[in-house]
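Take a look at the structures listed below.
In the two assemblies presented below, chain A is common to both, partnered first by chain B and then by chain C.
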Partner chain A sequence: MGKKTKQIAIYGKGGIGKSTTTSNISAALVEAGYKVMQFGCDPKADSTNTLRGGEYIPSVLDLLRENSRVDAHDAIFQGFRGVYCVEAGGPQPGVGCAGRGIITAVQLLKQQDIFEELDLDYVIFDVLGDVVCGGFAVPVREGIAEHVFTISSADFMAIYAANNLFRGIQTYSNKGGALLGGVIANSINTDFHREIIDDFVEKTQTQVVEYVPRSLTVTQAELQGKTTIEAAPHSEQAGIYRRLAKRIAGHTESKVPSPLDAKELRAWSAGWADQLIEIERRSERLVANA
Partner chain B sequence: MPINLKTAVVETREQRLGTIIGWDGKASDLSHESAYARGGCASKCGPKARRICELRGPFTQGSICSEQMVECQAGNVRDAVLIQHSPIGCGAGQVIYNSIFRNGLAMRGLPVQNLHLISTNLREKDMVFGGIAKLEQTIRDAWERHHPKAIFIGTSCATGIIGDDVESVATALEAELGIPVIPLHCEGFKSKHWSTGFDATQHGILRQIVRKNPEKKQEDLVNVINLWGSDVFSPILGELGLRVNYVVDMATVDELAQMSEAAATVGFCYTLSSYLAAGLEQEFGVPEVKAPMPYGFAGTDAWLREIARVTNREGKAEDYIRNEHARVKPKLAELREKLKGKKGYVATGSAYAHGLIGVLRELGVEVDGSLVFHHDPVYDSQDPREDSLAHLIDQYGEVDNFTVGNRQQYQFFALLQRVKPDFIIIRHNGLAPLAARLGIPAIPLGDEHHAVGYQGMLNLGESILDVLAHKKYHQDLAAHTKLPYKKWWLDQKDPFLFARSV
Partner chain C sequence: MSIVETKIRDLPPASLAPAKTNSIEQIRYGCAIGALQSVAAIPRAIPITHCGPGCADKQFMNLAFYNGFQGGGYGGGAVVPSTNASEREVVFGGAERLSELIESGLKILDADLFVVLTGCISDLVGDDIGAVVRPFQERGIPIVYAETGGFKGNNFTGHELVTRAIIDQFVGDYAGEQQTGVVNLWSLLPYHNTFWRGDLTEIKRVLEGAGLQVNVLFGPESKGVSEWKAIPTAQFNLVVGPWLGLSTARHLEHKYGQPFLHVPVLPIGSNETARFLREVLDFAGITAGPARDKAEAFIADEEARYYKYLEDFTDFYAEYWWGLPAKFAVIGDATYNLALTRFLVNQLGLIPARQIITDNPPDEFREEIRAQYRRIADDVATEVDFEEDSYAIHQSLRQTDFGHKPPIIFGTTWERDLAKELKGVIIEVGFPTSYEVVLSRSYVGYRGALTLLEKIYSTIVSRSA
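Up next, the complex of A and B:
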């Protein structure tokens, strides 16, 4: 006891590979000998599946639905190499309030002093990035995560979402909440993807923590209900996840993000669109000339 | 660790203590099912498991919520302001709480003033866009208008659902204004019993007002956790050479801050004092006096002796106890004569009722039924010397019809029919009108200290005689009024029929 638990939040828009990346970071950190908890903050409650052989675990809110009193220990399950897995859970789509669900679940674990009791080195919150209400911002508020990372691909919609997230993070960063550690660039397979992301982080005065390529190894591992670290420990992709985890573990200095405003974002993406069209044309000409 | 001050949000009473709001049976059975009787739970359930089988009804007629308890505690700190971060409806209680506050100040001989409560008046667009800007403005307005020594912020169901980040505004404004700005999380939906609101206020005070690492210790100061009651503790504790620091209601912010300097903490009711007293002991080393509450001879004797022991004043306590016994007993004998054959019914808060039933038994009044609004199977200190229900049963015997219910009028009819008392004792609104229509007068103990200590037995005896003098009036009321329930319901013997048929 006594050491400070490092708390990290990872945000990204739905379907971007957030849980995949987070689970691989958690797996790499436990593999390196740290005590880690992954806390899924998505009503779907599937953040930690690949840490537990594809198995769903009862969420904190499942327990709350059935009992008037909840012992937080009942919501904690161990997975790959002892990693602690918790899912906040939440209501069915279209009913109730998923945001309140996250507030309730996070408070419950904090009130029962779980993070300190388990003597954790890392708590990683995997949060649905469509921060539609105050509840989804709970992990980045004062006293919870200190560093927040966003996951984005080079797809414009993903970058818009990341920029939107920066706005939310900015609100809390200025009030003593989490600061932005950087962007985890996911599904980056070409130089062109890399250039788009690099330009975005430059414009928003942040950094890319790691470039993670799209890889069939990841898909194969997920189909087995495993992280890449577990299923293909010697693969190149596992090496990339380990490097990412190491960067995140060693990361200390985060900043208040500087999101682009709507006009800037439009101008920025229009500029890239022109370049894209230019590249398309050139390749068409090449085909025509051939 | 029983109390966790690291997080801004208080743990609810049901989560900490296993609090229930529905139960019906013999007092001894409830005592037996509670944590004290069972001892430490040796199995895997751990220290937090205090499960009592609870009756859960499908219908609630009327109640109170945690937020209102914040209003009547944090809202009653004399040089502070309470902001209700809520739609305006949550402020509906301000009128009644203001009258109670003013009466209390007058009873205590303090300058009479109005409550300083401000609502942020959240509306549709605040729900959509967030209420934080309005809260910030309201804190500034509160500062401009009142220059308070502290600002409390009571949250509401609305802000809890939208997830308004009250903490960050409070932190920023606390730094800017240089006074404690204290968020109190009291969303009504969070707890099934309003007493969580007491805990929410006390949690905030422990975290942000009580002086940390006090330079001096006030060896003759005793924190008395109470409400608005008259000053009966100063004369009693004065006999031991002790001064009283009344908290939370009608205290100043500095009086709250100095709690950590006191020699001990006592209360008149463990429902109210449990959290704050345990927190003061755990965080600041101020011992909580762990004894039966000061009601009746045995309780008052033990309570005084424990205070004397904790503050090293044993000799003085024995003199006082002897003198008071000698003074009170002849008068009590007269009262017992006059009250012979009378039957009373107590319908109050939980631990308080345990004390009052004891006082009635000292007066020779029969009590075979009582309604308490909730039951805590254990208090925060978890010390068996505080087991107020067991003390009642051990000293004064069984209460055959002991009911836990959160003040439901529709159940109250059957409860009274079961035992047919000559009078009832209440502190909360909503029950006396029903009793009156059955010809039963009520003693409203507005001054919660009325029955405390040796003199308290005489006080309550006199109040019973007073109220029995209204018997004819109540009989007339009963003859000319009817109850708003159907005959079918009035014919039911079981007040928990709905709960049992779910």
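Up next, the complex of A and C:
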């Protein structure tokens, strides 16, 4: 028997920087000497691109589409410093059931005992957007990830998605499912952004794991098909990702969050929107008076 | 025969009524995709199923095999092709697989009409079946589709969906003349009603005897798809039964401007059948003149023959009275339940002890169905229950007062053990009828009523054999 693999799931609204952040966490962990697998759970199958020089890999479901029996090894590819990359993949947009696809892909690797065989320290699931159906909740369910992190900006829609995820976690929490590690606050460049996120985590009884600012370094690295850790290892941003990776690696105690209900969430966001408008007005007055 | 007096049955107090269990023990209908048997009931039509392995076979075995051992026929049962959808069709969608199946099916199956029926997998995943079937339709292939996922309802619902699909996608638009004296018949659910073949044959026979031309649409007497194509040319639609077929008739009224006549009581015996025929004749506008005279002559002739047999039967009935049951229960679908209850009360003078309707009629029809039972005869009214769970049904029968004579239960195979327990007699008249082999037997109309009498009293007198 090898060591126990630590399994982590990272969720967040589409376009929020999930894959970017997850890939940098994976890169930072392999750099620190751990054996890591990043498992992309998104029909687009592009979670691990920046770990492999911008290259796409065939997904588990691509293989399943061609053959009824699939050797999971055929779906595992190595990238930056040996990180293992897997993409669940999915049907074409508009047909089939992507949620069932995620279930099928995750089960295939589990059934073939891949995590144990590769003697992994970390498996990080990078999961598409919201928990819209049972399929996308699979990494949260019993026996898969133990800790869930959500990536959110201070944007209200991203926070709604995070709150929905909390509801999913709450549902599975008494059935042996994963618990919440905290929020990775992304694109946080002002104090105001920070205040919104801080207030949200306080209301929902969780914590911010790390504040990640928006940075051009990330964009430049992505354009090269690389993570920031690989493309700009000495940058400030790389340092932030390493700190985040370290926190996640060292994280042990997850909790059941207290998601806001629809009414509370609306009231909460309306309160912040009023403040936001007030700030905008003030800055407009300053410009006019100048 | 005498007409009995009874009062509206007092419902058992709440403490005695079995609590709703939220579960169903011993089913009394199939899934919506069970309507594949409705397709098989149309001569030279073949269903094509897009569902998981086992769905089509289970429906066939339930509805057409262990129910009178009716068999699959030309296009049903083991003939029915299926995509046998598996995980691959769930994840990636099953449209391609279905297209492939239809294409290869066309090479080896010879049919006048194909009907694609979908199961839960396809309907949940959201396969676009229309997009799969349309290119075949454009090639001139007689093929239609109906989405019959299990969550849409039972096989009664499936039957209406299939009927609607054939009308809209195959029969199509029509703006021509309608032919006086031609009628489309919408009545028993094929296969589910164990005696549908014989019954539809008898209904067609008496309507034609009265001078009408009948598109019976399903069963051995149907001419197949040519009859379906002729639906819009009929003078009117005739719905026989409390509710099934009404939505089709309403649709046809809207689509072709065709009126419909709804006769809730499927006629059993001379009185009911004569009344039925006169109602239909009046609706058809055949109220007087030579056509009506001919119809009346047919009725008189049938009646004479019917009562000749009954006259002979009375010796037995009068002599054997001490051994015959007085109170009865009917457990079955709304159509047969109402028809049998009326016949048993009005023609045999039996007393209704418990009537339970098991086909889950839509709520909108229930009040009218209850009203039918409250006027079973001029001086007999009874209450009807709607229940699908056999546990609750059997509990309810156990609590029924059948008097001092052994009860006679018109039910299904599920009531066999209970009939023994109650030391009563069981006549299997509905799904599932697993201890009867049924070919052309009918229990309706003039001839069917006599067969029903034979069945009832043969069962009773042979009990002690």
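Odds and ends about this structure:
Everything that follows uses one rule, which is that the second predicted complex is superposed on the first by the 289 of 290 C-alpha atoms of A that agree within 3 Å, B and C clash if a C-alpha of one lies under 4 Å from a C-alpha of the other, contacts with A are read in each partner's own complex, and residues count from 1 in each chain.
Please note the rule applied: contacts are C-beta pairs under 8 Å (C-beta built on N, C-alpha and C of every residue); 3 or more make two chains touch, one makes a residue touch a chain.
Keep in mind that this is a model prediction, so the values were computed, not measured.
When both complexes are overlaid on chain A, the residue A:Gln111 reaches chain B alone and has no touch with chain C.
By the touch criterion defined above, A:Leu51 lies against neither chain B nor chain C after alignment on the C-alpha atoms of chain A. By the touch criterion defined above, A:Val95 lies against chain C but remains apart from chain B after alignment on the C-alpha atoms of chain A. When the two complexes are overlaid on their common chain A, residue A:Arg141 makes contact with chain B while staying clear of chain C.
Using the contact criterion defined above for the overlaid structures, shared-chain residue A:Cys133 touches chain B, although it does not reach chain C. Partner contacting the larger number of chain A residues, of chain B and chain C: B.
With both structures placed on the common chain, the touch criterion links A:Ser68 to chain B and to chain C.
Legend: residue contacts after superposition of the two complexes on their common chain; A:Ala232 is shown touching neither chain B nor chain C. Put simply, chain A uses residues 68, 97, 100 to touch chain B in one complex and chain C in the other.
Interface residues of chain A facing chain B in the complex, by the touch rule stated above, are 68-71, 97, 99-100, 103, 107, 110-113, 133-138, 141-143, 172, 175-177. Of all residues in chain A, those touching chain C in their complex are 61, 64-65, 68, 90-92, 95-98, 100-101, 104. Looking at the complex, you find that chain C touches chain A at residues 87-93, 95, 124-128. Across the complex, chain A is touched by residues 1, 4, 6-9, 11, 14-15, 18, 46, 48-49, 51, 54, 130, 160-165, 167-169, 171-172, 192 of chain B.
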